[in-house]
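What follows is subunit A paired twice: with subunit B in the first complex and subunit C in the second.
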Partner chain A sequence: MAVATPETRLQSRVLATVTVSFAMDYVLLLQRIFDALFNSAIYSSLALALVIIFRSTGLLNFAQGEMATFTAYIAFVLLSGPQPRLTGGGLAGLIPGVPFSIPLAIIGAVVCGMAAGAATERALIRPLGGASDLALVNITIGLLLATNSLMAQWWGTGPRFFPSIFPTGAGQHFVILGARLRYSTVGVWAILLSVLVLLVLLLRHTRAGLAFRAVSISPSNAELVGVRVGPTLMYGWALASGFGALAACLSANSVLLEPSMMLRVLVYAFAAATLGGLDSPKGALVGGLIIGLSQTLIPAYVPFIGFELSVLPALLAMVVILLIRPAGLYGTKRIERV
Partner chain B sequence: MITSEQRVSRLSAVGIALLGVALFVIPFLTSTTSLRQASQIIVSVLAVLGVNIATGYGGMISLGHGVFVGVGAFATGYYVSDLSLPWLAAIVLGAATAGVSGALVGLPALRIKGIHLALVTLGLAIVFRPLSKRFPSITGGVSGRSIEARFDAPGWWPGDGRMASSVYRYVFCVLVVLVALWATWNVVNSRFGRSMRALRDNDTAAAVYGVDLVAARVTTFALSAGLAGLCGALQVVLVPFVSQDKFPAQESLIIYASAVVGGLGTIWGSVLGVLARTVVGKVGSLAAGFDGLGPIGEFFSLLDEPAFVFGFGLILLTFLFPRGLAGIRRKDRSTQ
Partner chain C sequence: MVDDVFDEVGLKVEDLHASYGAVEVLRGLDFEVAAKGVSVILGANGAGKTTTLRAICNMCNTSGKVTLGDDDITRTGTAEIVRKGVAHVPQGRGTFPELSVLDNLMIGAYTRKDKEVKDDVDRWFEIFPRLSERSDQLAGSLSGGEQQMLAVARALMCRPRLLLLDEPSLGLAPLIIEDLFERFTTLNKETGLTMLVVEQNANLALDMADYGYVIESGEITLSGSAEKLKNDPAVQEAYLGA
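On to the complex of A and B.
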């Protein structure tokens, strides 16, 4: 299945060049892969958010990144306690600061994010009732712009330090074959995988999960058999925004918290989702893994790209996939009726 | 949906007359700085018009027109300083370069449609800044680059000094924008314009009626990118400095938002979108200037942020007036 796509052919070519250098410097390569794994988890998680919404509502949520960043700011406020200057000016000062511990703050942010996602679906998406692509793009772009400038207004555009939930000091890593695997990388994957297990249990073994799966396959048929489509979609948006919030809170330490921090990440996540197939959760995971690895490995072995431009291969990959195989690796093929 | 713009309604006529008077009066009332700002606002109509051509007439959602503005600006700067071309040639070539880059983006748009195209163009908008940092000899890298050449008033122009040159630049920009609006109006009402709209409404049907899909899509995108590039070129005329940090992704999105808020599918809408952006921003900055308004004051200072206003405006108008400001008066005929 995966072998035939040009994308994987590209990947294997990358792997081929990588194997050449493997003989020379396998520790460096392994180190790069280990480093890439952290980003992979973040991209997978945001891509999952995009896929869950695309699958159920059929729209690409361009505002996903900004919504996630907003929750990271909420976590930041929860962490920092009642210090107006830290927590932001104006209306943001009204949010009570409680010096929560980091895990508690992140959980709080995820809960807020889920509520915000559900509210967005209820207030902005459902009333449109299956409007045109253009209207949906307008809503999500509007949300992106408004949220972004709201954050800039409240918390300023300067980057802020966000503590990591994992120990990140100098010696905090495993040593495997001479390369360092950081605790934070292991931790972020552990969190992502356990949340995924939770998601699968939720989808497979609860009524709401069953309803959600039915709506994802066919909203009209689900409605006919008595599933309440609206609340189910709201549930999906809540889940998706939860994943987004998790991605933002876990990456805010490494990319530094600022209003536009998820914009670039969003390109990677969209590339990952497209690569895996926009309606396939499994694809999002695999896509995130591949995009994360290539983001680190391509600039390292193709000098022209450099780290500044590392987002370019992701965009090109996205274009190529959409041109040649719009369904991605695991997505369902869409048949257009004329 | 066939809406012809052949008729100019009475309201439009009044609006055009008012705008004409305003355009004429502005240079007599202002300083060099505010005249430059006014020129910049007028020039930004072109970028919005570009989005309108691609999205409103061609049906291809473009969230990345800031990129073409950037290409136009960088290219013009390069032609006028590195190749020492005369300004007029540099402006034309700068717009053309943006048009060519638009045609390149238009090529994948043959297969990538709807939200997927929106996705790709958004990606382009996000990638543009790091990409332009990568070519510092043209773009000046991180800190930008100042252009030696100045677009100054020639000898025959009345008056002298900085003000005369400012007025000269203002008049030049206004004329270029007016000519571009007129030309675009003619294009969208020509045979090509009809095939463009046919493509938007139903590309299969358009193909059946003999519209060359490839040529029409690529030309539409090139034209729309060329208009955005012209906007970039005129920005260099007004401020001889190019820098990547003038073109963040948000800028592209605000241009898109202005086009939608003003009204897609009408030339007039692009002008309205820019007017709305200006008026709301002015109200916001004036009101935010007062102290002691408390939370209301903060709301007004948010109005000063075009990103917030247009984000909010996009959402509001999608619900209330899906045809944008230009469509408020029009009876809602099959809005999709």
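On to the complex of A and C.
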């Protein structure tokens, strides 16, 4: 029988404290994961947009984020009621504000985004079909700057409140093992996954989807079976911009609507898409998760990396994975016979 | 200009020029393919055989005139030319390695809107049982011979009037080549499909064809019936290893 000396009492108290702190850490860890999941979904959506365009056009669209932000402004205008509060300057004053409910406004923004994506392909990318990829990438960078300035011109640079499609007030969450999982996180994932399922069905089971896959593999061979490559690519740009619009409209509530709100998100989405493999939708999803989680978890558990440096570990992870697997986690390794 | 040597012309090419950048590859070709016939273009590497087929489908910079039946297709886009009934099996076969065998056949029928696509797939699976067994596999996992079968079946899924074949024998074992050419002959005899074949393997090609052209440095230097070409000393020396 052990006698409780002051020493052993101290030991057991230390042990108890450590155990308690571990137990608390466990809930905190889960909480951090839940919190990171919201951003992950946004990164995945925008990464998906990048992947769809890269697969079909072989191009990185740097304007993807700004194009998405633009659609969020469209949703904002649609929501603003008959007396637009936010007309800003220029042409924006001409857009009639209609009292739309949030889901309708987001659907409207997605449709406008898809039309804008298709128009971009038709007006800026297709006429330059003979130009090098690098030239086309520069065009998308130009489009990024132009769209950004246009938004600043029309709506100003100040951040604006954008309503959330999900209930976000206090207490609007599930409690799982002591951690809070917000309804908005569940909602954004539900939307992302269902749109993704829709996309897969579209690609696998429709004529247009088959044509799209054929063009992604080889535009010249696709043309030789009678597929019109231009319109098929336009369709791809429309799909991608739809995903971008969703990402912007769903995240505008938490980051506040302003012309540059997707710039950071774009960097993370690029990282996510590269990590997953630039031509793999599944890779975009997993890449978004990894970037989102490591961005939150690594600064939380590695003391010398502050939250200001949160992008660093994610990018390091990307470099390491690309060193081991140059095509990314799920990317297609292209074998070329010489 | 050539005289009309055939009763009915399937494809007529006049003064066809083609260039890649500053390099002129075709320097004014004139030739015809008889409707329901098999014509062959013989030539060495770099003579312009592949470019000829690409030029017919408007896949490179061209000038001249290409007529399909009564239809001037010189300025028609590639996808539209396919819709008019020209199937092209390009070099490298033109299949989609990352699509399944079945999807490759389905995309071959992309231009069709009728209800018999499924029947045609079944028919090709019957003709090429190997493809049927591998229906769900990716086309890239097939052997060279199987891929060439798939390429031909894929091209014929659009029910073409004219089939262009770019060196179908390339990279295949002799036995497989023989089998393939036998199938081409049967196809032509049974369905009356017009064919233009570009080949280095002159023996087999001339056996199958009824008319032939020899192309050298982008110009046609010799033409005549397959019989005549086979007995031509220059052809024998250059292409038949005689």
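Everything below uses one rule, namely that the second predicted complex is superposed on the first by the 291 of 338 C-alpha atoms of A that agree within 3 Å, B and C clash if a C-alpha of one lies under 4 Å from a C-alpha of the other, contacts with A are read in each partner's own complex, and residues count from 1 in each chain.
Criterion: a contact is a pair of C-beta atoms (placed from the backbone, for glycine too) under 8 Å apart; a residue touches a chain by one contact, two chains touch by 3 or more.
Bear in mind that the values here come from a model prediction, so they are computed numbers and not experimental data.
Model built by superposing both complexes on subunit A: subunit B and subunit C fit together without a clash. Contacts of A:N148 after superposition: subunit B is touched, whereas subunit C is not reached.
By the touch criterion defined above, A:L256 reaches neither subunit B nor subunit C. The wider contact with subunit A, measured as residues touched, comes from B rather than the other of subunit B and subunit C.
Once the two complexes are laid over each other on the shared chain, residue contacts for A:V225 go to subunit C alone; subunit B is not touched. By the touch criterion defined above, A:R207 lies against subunit C but remains apart from subunit B after alignment on the C-alpha atoms of chain A.
When the two structures are aligned on the shared chain, A:I217 is found in touch with subunit C, with no touch to subunit B.
This overlay, made by fitting chain A, leaves subunit B and subunit C with a least C-alpha separation of 9 Å. Overlap of the subunit B and subunit C interfaces on subunit A: none, as no residue is touched by both. Those residues of subunit C that touch subunit A in the shared complex are 57, 59, 77-79, 82-83, 88, 90, 94-99, 103, 106-108, 110-111, 154, 158. Taken together, the subunit A residues at the contact with subunit B in this complex read 59-60, 62, 90-91, 124, 127-128, 131-139, 141-150, 152-153, 260, 263-264, 266-267, 270-271, 274, 306, 308-309, 311-312, 314-315, 318-319, 322-323, 326, 338. In the complex of the two chains, the subunit B residues touching subunit A come out as 55, 61, 63, 108, 111-112, 114-116, 118-120, 122-124, 126-127, 130-131, 133-134, 204, 248-250, 253-254, 256-257, 260, 264, 295, 298, 301-302, 305, 307-308, 310-315, 317-319, 322, 336. Every residue of subunit A that touches subunit C in the complex is listed here, in rising order: 207, 210-211, 213-214, 217-218, 220-229, 332.
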